[in-house]
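After the structure tokens below, expect a handful of questions from me.
Think of it as A, B and C in the order they're written, each chain with its own count starting at 1.
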Amino acid sequence: MVISEELRLDTEGHCHIIDISSRVAEAVRGSGLLSGTVTIFCPGSTGGLSTIEYESGALHDLERALDQIAPPDGDYRHHLRWGDDNGHSHVRSALIGPSLTVPFVEGALTLGTWQQIVFLDFDTRPRARRLVLQIMGE
Amino acid sequence: MVISEELRLDTEGHCHIIDISSRVAEAVRGSGLLSGTVTIFCPGSTGGLSTIEYESGALHDLERALDQIAPPDGDYRHHLRWGDDNGHSHVRSALIGPSLTVPFVEGALTLGTWQQIVFLDFDTRPRARRLVLQIMGE
Amino acid sequence: MVISEELRLDTEGHCHIIDISSRVAEAVRGSGLLSGTVTIFCPGSTGGLSTIEYESGALHDLERALDQIAPPDGDYRHHLRWGDDNGHSHVRSALIGPSLTVPFVEGALTLGTWQQIVFLDFDTRPRARRLVLQIMGE
């Protein structure tokens, strides 16, 4: 069986990292499915999905690493195309990836104790985001 | 239900980034399934799958970031092993990842307007590639 | 159908990279399913899943690239929080990602000849790890 849900988020952009674990867990419980996977997908090319221990120190460390890989104040050819200022956002999104698949067993996500599902908004302005949750199983 | 498809591509290697969105969408439509996920998988250790806004500026920016993470002209121990010249290709593939799962709803991929599915060929020569599309749903 | 399996591993930490391909293939064969996907998931925020050509040169090259992105001896705010020494482990895990989905067809994983599924333990001590294998298909 397949259950399609949406998750709506207001973000601040600028590498805003949001813990969506409880909302994903709630959607899985609401599906009535006991065993399967949930695929969380960002329709858009300036966001990413991953997991991390959601505490301010680790979030800061991840952001600093991304600042080195794709600095916000770097020169990007994407800017020449559209007059945008979010070239680094596109690079980060392609590297982190727009999709995350998490198993659930007996109706519960198989996350570790100190592991949270996060949406990362790399864009350079606040965004109203819509994530797709595709819940598949039995 | 599970529908297995293949997608064949001729690439130029050297971080050739190819938009495969329309071919993936076509395979999903052809499956007759309405709701589920398609997993696109590269059988090989020098390719990667992700999404990006497919315009030349953003592609260039991504390639430049990868050039810094794993420079083509760097020293790689992999070269000592086989006399290969594609050590950087293996590093990039492991970082970007060989697999991408995209939901579809009412028969359509849930991509954003400016978001394309891309295959990245990091190898150092033209390749005839075969990607696996595993379409699952109902 | 959904079959849930676990895979237990003793690791050395410190970017220990372990080839789990044959154990994943065995679990898929044991499931009795012929076509579908296996999602390998690490419940924990200091491990990662990917694929690579499993030879010591390529493993060394990947580790060196990760040493530049998130050096083990760098300053991390995560250390201030808990007195931990594994800030770089969290950054690497979030970048590589905790989840990998691999298709199987006619009971066999669709890996390339020189491509292995690897678990990467980024933590700073030996760990007894448990990975979740969610096998879905028909």
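Methods note: a residue touches a chain if its C-beta (ideal position, glycine included) is under 8 Å from a C-beta of that chain, and two chains touch if they have at least 3 such contacts.
Because the structure is a prediction, the values reported are computed rather than measured.
S.K.: How many degrees of rotation bring the Cα atoms of subunit B onto the matching Cα atoms of subunit C, given to the nearest 5?
M.R.: That rotation is 120 degrees, given to the nearest 5.
S.K.: For the copies subunit A and subunit B, give the interface type as same if over half of its residue numbers appear on both sides, and as different if under half do.
M.R.: Homomeric contact, different residues on each side for the most part.
S.K.: Taking the mean of the C-alpha atoms as each chain's centre, how many Å separate subunit A from subunit B?
M.R.: 19
S.K.: Give me the residue numbers in subunit B that touch at least two other chains, ranges are fine.
M.R.: In subunit B, the residues touching two or more other chains are 69, 95, 97, 101, 136.
S.K.: Mind listing the subunit C positions that touch subunit B in their complex?
M.R.: On the subunit C side, the touching residues are 35-37, 50-53, 55-58, 60-62, 65, 68-69, 95-97, 100-103, 105, 110-112, 114-116, 118, 136-138.
S.K.: Where on subunit A does subunit B make contact in their complex?
M.R.: Touch list, subunit A to subunit B: 1-2, 4, 39, 41-45, 69-70, 76-81, 87-88, 90-91, 93-95, 97-99, 101, 132, 134, 136.
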